[in-house]
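As written, the chains take the letters A, B, C, D, E and F, and residue 1 is the first residue of each chain.
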Amino acid sequence: MSETVRADGRAVDALRPVTIERGWSAQAEGSALVSFGGTKVLCTASFTNGVPRWLTGKGKGWVTAEYAMLPRATNSRNDRESVKGRIGGRTHEISRLIGRALRAVVDTKALGENTIVIDCDVLQADGGTRTAAITGAYVALADAIAWGREKKFISQKATVLFDSVSAVSVGIIDGEPMLDLAYVEDVRAETDMNIVVTGRGLFVEVQGTAEGAPFDKRELDALLELGVNGCAQLRDIQQGVLEEEK
Amino acid sequence: MSETVRADGRAVDALRPVTIERGWSAQAEGSALVSFGGTKVLCTASFTNGVPRWLTGKGKGWVTAEYAMLPRATNSRNDRESVKGRIGGRTHEISRLIGRALRAVVDTKALGENTIVIDCDVLQADGGTRTAAITGAYVALADAIAWGREKKFISQKATVLFDSVSAVSVGIIDGEPMLDLAYVEDVRAETDMNIVVTGRGLFVEVQGTAEGAPFDKRELDALLELGVNGCAQLRDIQQGVLEEEK
Amino acid sequence: MSETVRADGRAVDALRPVTIERGWSAQAEGSALVSFGGTKVLCTASFTNGVPRWLTGKGKGWVTAEYAMLPRATNSRNDRESVKGRIGGRTHEISRLIGRALRAVVDTKALGENTIVIDCDVLQADGGTRTAAITGAYVALADAIAWGREKKFISQKATVLFDSVSAVSVGIIDGEPMLDLAYVEDVRAETDMNIVVTGRGLFVEVQGTAEGAPFDKRELDALLELGVNGCAQLRDIQQGVLEEEK
Amino acid sequence: MSETVRADGRAVDALRPVTIERGWSAQAEGSALVSFGGTKVLCTASFTNGVPRWLTGKGKGWVTAEYAMLPRATNSRNDRESVKGRIGGRTHEISRLIGRALRAVVDTKALGENTIVIDCDVLQADGGTRTAAITGAYVALADAIAWGREKKFISQKATVLFDSVSAVSVGIIDGEPMLDLAYVEDVRAETDMNIVVTGRGLFVEVQGTAEGAPFDKRELDALLELGVNGCAQLRDIQQGVLEEEK
Amino acid sequence: MSETVRADGRAVDALRPVTIERGWSAQAEGSALVSFGGTKVLCTASFTNGVPRWLTGKGKGWVTAEYAMLPRATNSRNDRESVKGRIGGRTHEISRLIGRALRAVVDTKALGENTIVIDCDVLQADGGTRTAAITGAYVALADAIAWGREKKFISQKATVLFDSVSAVSVGIIDGEPMLDLAYVEDVRAETDMNIVVTGRGLFVEVQGTAEGAPFDKRELDALLELGVNGCAQLRDIQQGVLEEEK
Amino acid sequence: MSETVRADGRAVDALRPVTIERGWSAQAEGSALVSFGGTKVLCTASFTNGVPRWLTGKGKGWVTAEYAMLPRATNSRNDRESVKGRIGGRTHEISRLIGRALRAVVDTKALGENTIVIDCDVLQADGGTRTAAITGAYVALADAIAWGREKKFISQKATVLFDSVSAVSVGIIDGEPMLDLAYVEDVRAETDMNIVVTGRGLFVEVQGTAEGAPFDKRELDALLELGVNGCAQLRDIQQGVLEEEK
């Protein structure tokens, strides 16, 4: 690893300070306020007994996610999507990513005919909002499943979550691969990648984009390694938070 | 005053615990996370030099507000207005109320050709979200004006805010007038009233609605008195928070 | 009362000429074309046997209202909300107000599982459109209920309307409280209030807004008194119209 | 002509009673409340000095029209297009037809850089709403042009309207061609045709549709003859109304 | 007929080269890629067993159509209607026309409770897109009906199509009636007419519009004759294509 | 490589038959109808001199893309996004991907203040529509740039395209990595990856998703190798097509 020091003093392979405030919401069945440095995302999991009509009678549950940003989460204000009357492509894309990431570790048969909707609302944005959202959403999801089990909507013996999942961004800046980009880094990155990894270290999603110059296999490998290591740290933080008494 | 004790142990003329976390956002020019008991609203004020085209060249500024609720702020999940593609009547109504309340204490000439947009996003809802929003929004607004003055967008001598403003709900439950209704009280109220009062004790808005039986002049007077007293307490809390070093 | 004479020669406590043309529509189950001076609102009541799905099987009926303005009801043309693809906040707000006002005098159990939708379309606007709408809507509603009773959708003995309801605007202009503001008065008012009162003289809605300077309790009381008196006159006009053979 | 007598006692080649209440609106520059039997359409013409940006500087004016129906104009209530958030195909189609019909008799050069928007709102519908709308719109348009001339927005000498225009429906019922169909006739017609004709008797639009069986040339000719005669009567009514002192 | 020769060398009463590529789509139950000169429309017919809820149990089928244009079908690019979030009036109007034209030759009782949706997507536009769409849609419809018969959704003996249907545009240019206008001709036409005719030579739709000067009966007759002859040629082409082995 | 043979007889590392019909459209400045087996996408490039307002005066051009699918491109019909009034997440996501892919090989300074919009409309879908779209879009883009150069909107010497770009899908089915998945393969794939590669063999996008089981580094490497080889073949096809006389 390089000894480059970043604007905020981090090493290239260091995460920003990560905190997960479990059970932030008094209303939702599961919730977490997750911070990756200045990025703060409120994740709530809403548990409903029953499934959408198109899934009824198949003995399977459904997990889905919606992502959004408060208008002044960012440095300048963005118009609300509700006011514009339509959801932007970026919002759609990230909502779908979060949903896929969570479903990758859920056994929907074990979940039974129950629905869990995860809302990830960015209260403050400083890069990596989608990866923070996935990491926090997993904690909210785990608590919503525990709630469903306690309420007997889910069988006591069923293993609904067969693995955990977390996500982190990586990128190449001035030719150097770096972990967990803050906003000022993100806008300068030549290549930007989001990696979603299970607790066991397997890939769920790999989304790399050349923002500046295209990248080669060697660079791709370096980014993947950084990302896998970052996700392993996030998994340990998730685990620690979930082991605490709620 | 009656000696009725409420579900949460309050006297009929007592506010819930009120906190205002000033400067919650690192991004906005002014911000406050306000709590009225279990109701939590994030208020951010976005300052822009310049005004909308229809106001250009009139030497006056513009203050407006938008209110919204996170989908799982409430006990069961509501679909997002961005997903539905339209803003509901209740959201519109409250956004307009907050804007009018704030403009009632702003000298738009003194503000100069600057625009301040206040976003009030309900993170958790337990009754009184609109009154908490107005109360917190005033603090965010005051800080945004201070920011504009510091950045020389507003004249040093101009008195932009000629008064403060806060709001509280009152209602009649089982024939008894009560201050600052929590959600469980709100749904049972025969009459529900929102009162917006300036720091000097004058009315900006009085919105009373008979949800059950119509009400008479004596009941109206009792509610107004409770509300004016509640707003006086809120004014003191606002003042205390604004006097602290930021 | 002051002896101020207004632009149109009225005393400060006088209504404009009010007419209610009952049964204007040959299509609707109840209808009224109401005029408050130059303000003309066509109110139609559509009776449907049955209720929306969410109310089915509860033995209760449903009354709701929609308000809208023709594009050239006003002095300059406004774009149609259908063309803009969304309903504005003001329209939403007034529709909700009319619905609440009417429901305040309806016994929905006595109505049975029937739905009445009241449409209030402003054909010409000269101030006070929402108060004229409520006043005319009551007449249309009464006729729609009579129609439902005649068609045996409503029990002969049930008292569906246990009171009548009307509404009027009041305001303070140049420090003087006045009744039933025309448009030219409305735009100059420091305080503007809409009052909805039952035939028995009880309040259903009190909505006062400081457009200019905030107002005190003494002014509020003066406005309420004017409004209650105005609504008593409107009640008598409604009664007169409803007693005529249709 | 056949001696068939229709449900309302008319001869097959007779119009329903037609009235045009000129100057109905106190707000619009031109207006007419037109009735074709039970069909009542309020037509208002809004005159604006200036043209849309895409026409600026070409020395030509613009005339356009919008058609809509109140929700309870018909026998059962239709949802508002503003509530549905989109305009239906039928509404679009009729708005475009009215605009084309009016522009066919307007010299846009003589109009100068002025815009006239005609709103045709159906207050009550009993067949032939689009043809009544065109017939009334012409009167509103003529008055708006007179207004513009009086205000000196239009040159005194310019002949803006070089002809008049009116419209009527015709159709074949039980094999018999008939003029000006009422709603009960319209739904039974095998062929339905709307004809727009100038004061001089030339065609502006011919829109014939086989609702039941396709039609042949002989039937087409019979319908055209009926329609041309009906439009001549409408032209005389328009002329009579426009010759009165306003 | 005049001996005028047109820009593309055609006689005034000649169609452009017409081709119908039957079965273009490997996915749809019926399809045709139709060309009228440079105008190319892909028509697909989607067969579904069953009817919309409002038609259930009436023993009748349903045929409907949707028309659209690719953004760069035309000489300059048009924004997508999906991006604009609303369908334009022209699109609505043409979709409705195509649906009516097809239904005019379908016996919906014989079709049984089946639904056929015809999509007509203009890949390249050079005038006459709606008439080409109708002409191609008939071929797609015929094949979808054959498919439904083969799959036993339609009775073997039922005659669903009791006639064929095609359409063509005609217009008057420099005083001369002409058949099947190309785009450069269409924009210059004083009168523009679309004619929909059955295989037996009866009219389904006649839609004539004076774009420039109004037209008289003699001109109308000349246009109708040209159109009927054009449609007879199109019918022969349709028949030829449908007689080929698929 | 395995000797598994696929449903269509291909080897696991073989592309489907690929054709690129260059200049398909007579209207667009550049166009290509691309087929990957049964997948057919019409790509048109629209060249406009000038840039969107937010880019004006920066001496740079703009390239963007829109992707859509005809309603019956697929095996069963999908409702039109224009009819639904909103664009789905999948459409948004793919449009953005195509735009990024193309911009990765464009020197926007060399393009100058010109805009190119690429429309990719799927006429028939059988898996890999987004990768076919990118591959065809590059050809359309190249021709639009040549057109702009010929028309002198682009400097003769400027190298606008500094590389080519193509894309292909890869996936793991029954544990076996395969190239260019057809629809029946795509729905069965455990892991699905889209790879966008430049003519020089560098990565522009890597988007891998575990649809079933998560994947490991070894599998990822196998997929990347397959994809890079597939893109090299596509690059040769693009080059061959572009070298032909147009």
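What we mean here is this: a contact is a pair of C-beta atoms (placed from the backbone, for glycine too) under 8 Å apart; a residue touches a chain by one contact, two chains touch by 3 or more.
Which chain is which protein? Per UniProt: A, B, C, D, E, F = Ribonuclease PH.
A quick note: this is a predicted structure, and the numbers were derived from the prediction, not measured.
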Contact-graph distance - origin chain A (Ribonuclease PH), target chain D (Ribonuclease PH): 3
Fitting the CA atoms of chain A (Ribonuclease PH) to chain E (Ribonuclease PH), what rotation angle results, rounded to the nearest 5 degrees? 120
The chain whose C-alpha centroid lies farthest from that of chain C (Ribonuclease PH) is chain F
Taking shared numbers over all numbers used, above half giving same and below half different, the chain A (Ribonuclease PH) and chain F (Ribonuclease PH) interface sides are same
Chain separated most widely from chain B (Ribonuclease PH), comparing mean CA positions: E
Using CA atom averages as chain centres, what separation in Å is found between chain E (Ribonuclease PH) and chain F (Ribonuclease PH)? 33
Whole-Å gap separating chain D (Ribonuclease PH) and chain E (Ribonuclease PH), where each centre is the average of the chain's CA atoms: 28
Rounded Å distance, chain B (Ribonuclease PH) centre to chain F (Ribonuclease PH) centre (Cα mean): 51
Multi-chain contact residues (two or more partners), chain B (Ribonuclease PH): 85-87
Considering only which chains touch which, how would you classify the arrangement: line, ring, star, complete or other? ring
What's the ring order, kicking off at chain C (Ribonuclease PH) and moving to chain D (Ribonuclease PH)? C, D, E, F, A, B
Residue ranges of chain A (Ribonuclease PH) touching chain F (Ribonuclease PH) (in the complex, touch as defined): 86-90, 92-93, 95-96, 100, 104, 163, 193, 198, 200, 202-210, 213-217, 220, 224
Which residues of chain F (Ribonuclease PH) touch chain E (Ribonuclease PH) once you look at their complex with the stated criterion? 25-28, 31, 38, 42, 44, 46, 48, 66, 68, 70-77, 80-87, 91, 117, 119, 121, 123-125
